[in-house]
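Below are two complexes that have chain A in common, paired first with chain B and then with chain C.
This part shows the complex of A and B:
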């Protein structure tokens, strides 16, 4: 059912080529459906997982008949492919040396990256999914990881992509920023999305901030809502409760430390609330017509009424 | 640390063995390295080998669905193991216990939002990413209450839905109830 819903959007995206934002499909959907090349970072946290987006990338690439290599460092194969359709499972290629005996001892990071270097396979735009980049960063020096990723991108065919899952709460912000500078697109996972209409879905919509860096000029930033169905297909729910255009909107604010935020109120105003506040007449401009007594604002105070401060 | 199955329990009393190892009171066991030799070598492989040997079934019909309980993982950090070594140990245990033996691992760790122990927080956050089920237990922010001892929040991987229950510890069991619905209130 999910794939039937997605299919027309996929066709629209493929007809649009490399256009980032089609009129109907969002930026995230365009990226998942082949609009991204180079390094794509999926930044999640303990409270907002991003592995489901990786599964969406895998499913979309398989539907485009692209070869997909999944490098599993965090989870075993059965966890990653749980819920995916048999057709998608069958066509995914795996590199999961860390999950199959004999286990490497000690963790053979160098050998693992060496095995990935020979991934170049004939065919259209291969997709490499790295689950996760954080595993490498905890065991290798960041410059070596960056060099390895650059090597992977150089070794791939034109238009290929490396989609890497990054647990950003495991690394210092400076390292996350440096990796973001290498990426052509970043997907920052956020919390639940406030929807205009209540939805009764098994997978509630969530927020993602999409940061793209075109080859020329500056980048773009947009907040979108999305759902990933259990079979790995991407679904785009109805518009958000507050849509404030690019760069605005409710920001993904993943709770830190894994615990949900105890705050039961919002600190920010939605667009409608901000407009309603602007329409309210300030009390000092209000004149009562019932009593005919105008209420004027207080005159500005003289800072030096006695003129004794002017030395 | 404890390993359990339908057939029984296997205990490794880490703190006691640790003291025996440190003060030389433990006798050599036929050349077998101590599971806690990481205290001197910073290598948790011997501990993993002990887990693997203890849980590997001797016959095909025994040790179905083994469970590895680690109480608690933070102590390994206190004993000198690095955070990455602890994560590697858990990774190997997941491969053997969860993937091969189709069992489960239950790990106790301590965490505090104001904690400055970066190594411990790294382990806790990494475990959160790798866990299928997370139980976050904490006291009431309003302070001590004799009828409600705390609250537990749990959420599953793949779904960002958090459910919160309150609990009361009794002599032999624990009762859970929805927030504000303790017997004392009702």
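This part shows the complex of A and C:
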């Protein structure tokens, strides 16, 4: 009875997982490597910047030889492409300051992505990077911005994507939520990742919370650690977040099943624990010394014990 | 003797009470509708019989059903599609409006109707098991045998509405017999850049004009009642009030344009009331910060149903809710031709999505099988406290979880 109810939910979750990511490589990597379509929001704040993640998207798309259009509104081109490898720089197309202060109607940008897709070969899907959405939101009414993004997505080919940077500390949370409802995936940047062993790296790994829109049920929220190397490639540090064990060494097998089970014993014991268990004298062995205590059972009562019950 | 008794009964019946058979048959000439037994309004099915039952038999013609979307709009979209699919099966006209997804795509993804025998197969497996258990297992708890059996999902005795298989899409042949109109906001904006709307968000104004045109031109307002076969117009509006409709009630606590949506609903209700139509609207209520807006929207709608999915909430892993995918809140039921409304006898409703069917059921908590777990954990707590106090548990300290 219960199993047939849970089964679809689990199946849906595993389907979603297979679509988004191979089991080893994590959601973020799958998204960066072309798994995302539609609007991807990169939500950063003053404390943790998200532009490097945008550069990772650009590098990965160039590696797949897809056309990439970068719309720069926050920073000049030089600071965006600092550190990127020359062949990546060469392949990126730019729109700097598309919407300069006497603002034209943003709707006419709708066909931009489509034009970009039409110029390239019909195969690869175009990618548009928007740095940043906050610039637009601070200057235009949110419904207009939403309409413009929807127009960008509509103008693009099937499977096209818009990766937009959003400085979420600049906007009210309700606006961030409303934009999140439009997005297919959101990447919320967090602080530095807790690492088991401090790695001496130029770019310490950081945390990102990946929120994806479920197709049919299933969990959609996952915290992952990542690094972006200066040349714009995405690195996933090998020891991920699975270090929240009980202070022991690294467990040989990952814990099976998501939820912590309510059993009060462990099936896997270490050698020391096994020895400790063997050293304990079981209670019935103490008992064996005092044998011969006679136990005579009570004589069977012939009275009905429930006689006084007036049923 | 028997004939005489029958005759007297008939005679007695004829004297005082008369069934308004003629009236009923006149109302029931519209396909896919039936008159309500309580208030005489024409009802049509929402496409989900269990929802119909909760709402007092169905949706009355001329009223508005508002669905508060769940967080990811997964299940509210299902209800939306059920409503439209029921219209296709009954041969009603459709009007589909959306700002996000093209109405053509929505119609392509409507669920396929389940034939009666298929549905019986689905249902019989469960009931067969139940009835066997019922015969055998009542030897000890025999008293419960006399209690009435409670159906899990609320159903009506009469057959009304159809069931749909969400794993399949409707075949295109079914669409050929019906007439449908679509309203896709970006298309409308590009076709007619300027439309004069009276003091209202331009998207809502366009939508109203479009609905009004369909109602008047296709004769749903009853302007030429004698000429044509009467039919119902089912109107579906998706994701109303979101950013894409050009409304900012979702993204701000104090929106600039606070009255557009309420004005729209007010005018729409007027249009519905004087035409043979029914409307379903899904609205992202969880994004609307300003509670006053949601209250006004609720008051301007007739029936309001909220969906709360467990995705992403702590209830998803709570064993109490493991059989369900979310909760259904019936927020408002219209009072039609009476002072009271058809309130369902239970308020705790939940929905679940099976492989093929989406159903609304009474929320049952599962039997409490977890007492062993809680007992051991209690014992464990007590035991460890005792060991610590007696001081003889030196060996056990730190090895609480040994495998005995």
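The rule is short, and it goes like this: the second predicted complex is superposed on the first by the 188 of 311 C-alpha atoms of A that agree within 3 Å, B and C clash if a C-alpha of one lies under 4 Å from a C-alpha of the other, contacts with A are read in each partner's own complex, and residues count from 1 in each chain.
Criterion: a contact is a pair of C-beta atoms (placed from the backbone, for glycine too) under 8 Å apart; a residue touches a chain by one contact, two chains touch by 3 or more.
Owing to the predicted nature of the structure, the values given are computational and were not obtained by experimental measurement.
A.B. asks: Thinking of the overlay built on chain A, is A:140 touched by chain B (first), by chain C (second), by both, or by neither?
C.D. replies: Once the two structures are laid over each other on A, A:140 reaches no partner at all.
A.B. asks: Tell me which partner A:206 touches in the superposition: chain B (first), chain C (second), both or neither.
C.D. replies: In the superposition, A:206 contacts chain B only.
A.B. asks: For A:191, using the defined touch cut-off, is the partner it touches chain B, chain C, both, or neither? Pick first, second, both or neither.
C.D. replies: After superposing on A, A:191 lies in contact with chain B but is clear of chain C.
A.B. asks: Per the contact definition in the header, classify A:48: touching chain B only (first), chain C only (second), both, or neither.
C.D. replies: first
A.B. asks: In the three-chain superposition, say which chain, chain B or chain C, touches more residues of chain A.
C.D. replies: Counting residues of chain A touched by each partner, the higher count goes to C.
A.B. asks: Which partner does A:74 reach: the first (chain B), the second (chain C), both, or neither?
C.D. replies: A:74 contacts chain B only, not chain C.
A.B. asks: Looking at A:269, would you say it contacts chain B, chain C, both, or neither? Reply first, second, both or neither.
C.D. replies: After superposition on chain A, A:269 lies in contact with chain C alone.
A.B. asks: Taking the two structures together, which residues of chain A meet both chain B and chain C?
C.D. replies: Residues 107, 258-259, 262, which sit in both footprints.
A.B. asks: Show which residues of chain C lie in contact with chain A when the two form their complex.
C.D. replies: 72-74, 99-100, 186, 189, 242-248, 250-253, 256, 284, 287, 289, 311-312, 316-317, 322-323, 325, 352-355, 366, 370, 373, 376-377, 380, 395, 399, 401-404
A.B. asks: Per the contact definition, I'd like the list of chain A residues that touch chain C in the complex.
C.D. replies: Where chain A meets chain C, its residues are 2, 4-6, 8-9, 107, 141-147, 150-151, 154, 172, 174-175, 177-179, 181-182, 213-214, 216-221, 258-259, 262-267, 269, 273, 276-277, 279-280.
A.B. asks: Spell out the residues on chain B that touch chain A in their complex, using ranges where they run on.
C.D. replies: So the residues of chain B in touch with chain A come to 45, 83-84, 87-88, 91-92, 94-95, 98-100, 111, 113, 121-122, 124-126, 128-130, 134, 136, 138, 141, 153, 157-162.
A.B. asks: For the complex, give me every residue of chain A touching chain B.
C.D. replies: Residues of chain A touching chain B: 44, 46-49, 51-52, 74-76, 78, 98-99, 101, 103, 105-107, 132, 134, 138-139, 167, 169-170, 191-192, 203-204, 206, 256-260, 262.
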